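So that you can tell them apart, the chains are marked A, B, C and D in the order they are listed, and the count of residues begins at 1 in each.
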Amino acid sequence: MPDAGYSSDEMMTIAAARMIRNGASLFVGIGLPSAAANLARLTHAPETVLIYESGTIGTKPSVLPLSIGDGELSETAESVVSVPEMFAYWLQGGRIDLGFLGAAQIDRFANINTTVIGDYRKPSTRLPGAGGAPEIAASCKEVLIALRHNKRAFVNKLDFLTSSGHMEGGDSRERMKLPGKGPTAVITDLGILTPDPVTRELTLTSLHPGVTAEKVVESTGWPLKVAPKLETTAPPSETELRVLRDLNERTKRAHAGQA
Amino acid sequence: MPDAGYSSDEMMTIAAARMIRNGASLFVGIGLPSAAANLARLTHAPETVLIYESGTIGTKPSVLPLSIGDGELSETAESVVSVPEMFAYWLQGGRIDLGFLGAAQIDRFANINTTVIGDYRKPSTRLPGAGGAPEIAASCKEVLIALRHNKRAFVNKLDFLTSSGHMEGGDSRERMKLPGKGPTAVITDLGILTPDPVTRELTLTSLHPGVTAEKVVESTGWPLKVAPKLETTAPPSETELRVLRDLNERTKRAHAGQA
Amino acid sequence: MVRDGDTVALEGFTHLIPFAAGHEIIRQRRRNLTLIRMTPDLIYDQLIGAGCAAKLVFSWGGNPGVGSLHRLRDAVENDWPAPLALEEHAHAGMAAAYAAGASHLPFGVLRGYLGTDLPKYNPKIKFIECPFTGEKLAAVPAHRPDVTVVHAQKADRKGNVLMWGVVGVQKEAVLAAKRSIVTVEEIVDRLDAPPNAVVLPSWVVGAVCAVKGGAFPSYAQGYYPRNNAFYKQWDGIAREREGFQQWIERHVMGTKDFDGFQRSLEAAVKHA
Amino acid sequence: MVRDGDTVALEGFTHLIPFAAGHEIIRQRRRNLTLIRMTPDLIYDQLIGAGCAAKLVFSWGGNPGVGSLHRLRDAVENDWPAPLALEEHAHAGMAAAYAAGASHLPFGVLRGYLGTDLPKYNPKIKFIECPFTGEKLAAVPAHRPDVTVVHAQKADRKGNVLMWGVVGVQKEAVLAAKRSIVTVEEIVDRLDAPPNAVVLPSWVVGAVCAVKGGAFPSYAQGYYPRNNAFYKQWDGIAREREGFQQWIERHVMGTKDFDGFQRSLEAAVKHA
């Protein structure tokens, strides 16, 4: 989309940011989740409570952190707690509204893999691993997932199940007694997928401007269900684009001039 | 002992204080343990680390606290932690050298009762209960117990076992896998009792000046063993008496003039 | 926010005890409460003596450094003013139960209660085996109060709460509860919390209410000291039923709020 | 204080990472270490690439915000410079294992790992039943490192240590360890710790050593910021074995201490 005036990654971040309700408490990972969360905070959701697993609660960074524990996160936080407290009292405590995850692989029930590509014991690619994701996926009231859409990522079968989505679909997540509702949307650079209310299989429900359903189906490693009434994602507003670009620009400057 | 120049309670407190090794970390209850611990700190054991279950570590109060959480304890502490942390990381963590307990009843194996006199469900006297004592008795490396010596306190059978001493004697404490060594001395207003190295039965090993072994045996609710080589506790030194009396005087003044 | 029959925790470990909130529960004549608190202290002696409690979950029930809680004893020993069921723990078990509640775990694990008689009388103390070493450890069910009430030093205008000094199990008790109320010494524009201070963000607190002096006769570090003399006086006030009832009627039931209570106490001292 | 074959935890969650101590382990050519750390970060990439490690116990092994830890990947994918056994957890399990270690419990309990493949590959993750509700919960054995090393902002002359900001699992890691070492930015006459600050009293710390800048390229709040640019550069330095080896030889093995390392890095930048 060279003439849309914005990139597909920008569309993805903005679409993700829009899903964040003002006032929600939000457990944020690094990368796109952090960008989307801060974009939301700087636009329609100023009262969003950002929580990073480093123990920083209610932080208001002026630039995107490179790590989940950059100094600015703790300096601008309402409260900084230890990591055991963060995982026990706050995440497991069930008080986080929304978890926001990325993934290397995702399957049709929004289970995700961030551990290995290939066999666990002899992987072709060793990924960073679980981090906080399994318990974010389990304990947040809702989970959003954001990743680029292609067949390497949207796979028929995960090489490793790192974090539980809707398991084998239907009521299998409930039967396993995972505390939270699980993933409620997957936001990609092509569109938005949401789980079917009954089968919990991810279904394409919104296309970003200029993207076709065929393109999304082709980019998915399983026969993707497409909603009968397919919506089109509203293009980025001027404000959204400006705030996101300003944020990225400030971030780039802040992380450059040190070494 | 009207002409000894000190009371039997003063002798008890001073004898207890002498058992505190300089530099030891000490978990202190209110009352005599607190008086003895602070006396030790103000005399021969200035590096003693006083810990109160309110979460105050390394405190240096100028007067004896009335409660285990008086403001001066936290103001003069090296560190103040939450109560769950105190019990989990510090006491259960196994890093406290010496626990110091009082009791309403004690048996021949230094098990103690601070819960009820009479039947638990219909007590003749309801006592305050366990507090921190069961885990102080279990987890401190060593335990000292101080109480006044009489047949109501030194009983043949406890009405309730609140905190474990040497259980049924012999190796029964070890078999139960209690982490610490258990009580190593019982200090009373009449003398000092220590557990037999093998049977763990409390044995009278030191008499305070002017007290006879017969008097101690008479004041004990079981046939008390008396060590063949019975020592005599050194009488309070001038310094010990002066520091203790100053401390008590300061304490009395501090706790009076408010209501 | 407290209803008849609720399970209520008023916490504060010697420090920051929410007396003002306790008095309000007495004034509202709440009944049939299950009261949770590590150290019942004078506040629960008052609630029990006033007939608010059906059950007490606790680990140490005395007047610290003074002696007995006479109203608690009268309820246990003589069923006055009503029978009081006891669920009795040690401090370590209570702390583990609150921490488990805050952590949304159904139970807490501790190295505790070994050899003691407490498990014989409290079926909520069980023993489990470590799945790795086979060691025997105690387990207690999580505390999940309907309402927790604590007192703190400060809140800001958004409702973020700051406390410092002896912080006890207050944070755990608030996070373990379904609803929570925090009374504070003052409401300020900015909390100015030091790094890693004990802060309860507004979104985990149900209601914040300024009650100056609301921890009297316990203390609020940085505001006023513990009134140890009153703790000693309480022994005389509460020893007999009549004296207690007169005191409660005059100073708590006979006043509209904690400010009134404090003025009423002062007047009594002046006329004494 | 670190010996060949030890189980060693160098902790610091993005903040206060003890790089100086890690370099010293590399300089001393320690071998066969079991390295524990939630987020291996650059410090363990260096230790692994330098051949110090036989096993890694961890929960997230990446260069935060940048990408892979290439030395970690090379060890796992290609056994270079030596095979590296993995014991893999999630953060919540690692945190629970450290807290259990600090608490002298043999295991920690958490609501975790449900539905994930991690228990299939890590036999140290088991499931237990709540003795009260029958709920299924995860259990992990306590971490009990032979040595824990952390970096903090300040110590006083007695050896009491103060840290603030993102404090991670440092306190738990120190309290869980048999021996401990703390490097600090500075040694001061008085700590002046705010109330309820994270303080490690001298008697629970094995050794304290002043190493100014010892957390570089991570950060010490109040002293210097995270050097995010170096984190990005590391991707290039560590991508190929040769580049990594040259860097370690020149800047770590070729210097006497962390001060020398920092001067050596500065010199390289000037000549670039």
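Keep this in mind: a residue touches a chain if its C-beta (ideal position, glycine included) is under 8 Å from a C-beta of that chain, and two chains touch if they have at least 3 such contacts.
Model, not experiment: these values are computed from the prediction.
Chemist: Out of curiosity, which chains are bumping into both chain B and chain C?
Modeler: D
Chemist: Can you work out the whole-Å distance between the CA centroids of chain A and chain C?
Modeler: Chain A and chain C have C-alpha centres separated by 42 Å.
Chemist: Using mean C-alpha positions as chain centres, tell me how far chain A is from chain B in Å, no decimals.
Modeler: Whole-Å distance between the two chain centres: 57.
Chemist: Just how far, in Å, is the C-alpha centre of chain D from the one of chain A?
Modeler: Going by mean C-alpha positions, chain A sits 27 Å from chain D.
Chemist: Among all residues of chain A, which ones touch two or more of the remaining chains?
Modeler: 74, 80, 88, 92, 139, 179, in rising order.
Chemist: Touching two or more other chains, which residues of chain C qualify?
Modeler: If we look for residues of chain C contacting two or more partner chains, we find 99, 104-105, 110-111, 135, 165, 167, 171-172, 195-198, 221.
Chemist: With touch defined as at the top, which chains are paired up in contact here?
Modeler: In this structure, the chains touch in these pairs: A-C, A-D, B-C, B-D, C-D.
Chemist: Applying the document's contact rule, which stretches of chain D touch chain C when the two form their complex?
Modeler: 104-107, 109-111, 124, 126, 128, 130-133, 135, 137, 139, 141, 164-165, 167, 194-198, 221
Chemist: Please name which positions on chain A make contact with chain D in the complex.
Modeler: 30-31, 53-56, 65-71, 73-75, 80, 82-84, 86-88, 91-92, 111, 115, 120-135, 138-139, 160-164, 167, 173, 176-179, 254-259
Chemist: What residues of chain D sit close enough to touch chain A in their complex?
Modeler: Within the complex, chain D contacts chain A at residues 13-15, 38-39, 58-62, 64-66, 68-69, 72-73, 76-77, 88-92, 95-96, 98-99, 110-118, 121, 135-136, 165-169, 171-172, 198, 217, 219, 221, 225-233, 269.
Chemist: Okay, in this complex, where on chain B does chain D touch?
Modeler: Listed in rising order, the residues are 23, 25, 49, 57-58, 74, 78-81, 88-89, 92-95, 139, 179.
Chemist: Can you list the residues on chain C that touch chain A in the complex?
Modeler: Residue positions touching the partner: 99, 102-105, 160, 171-172, 175, 193, 195-197, 199, 201, 203-204.
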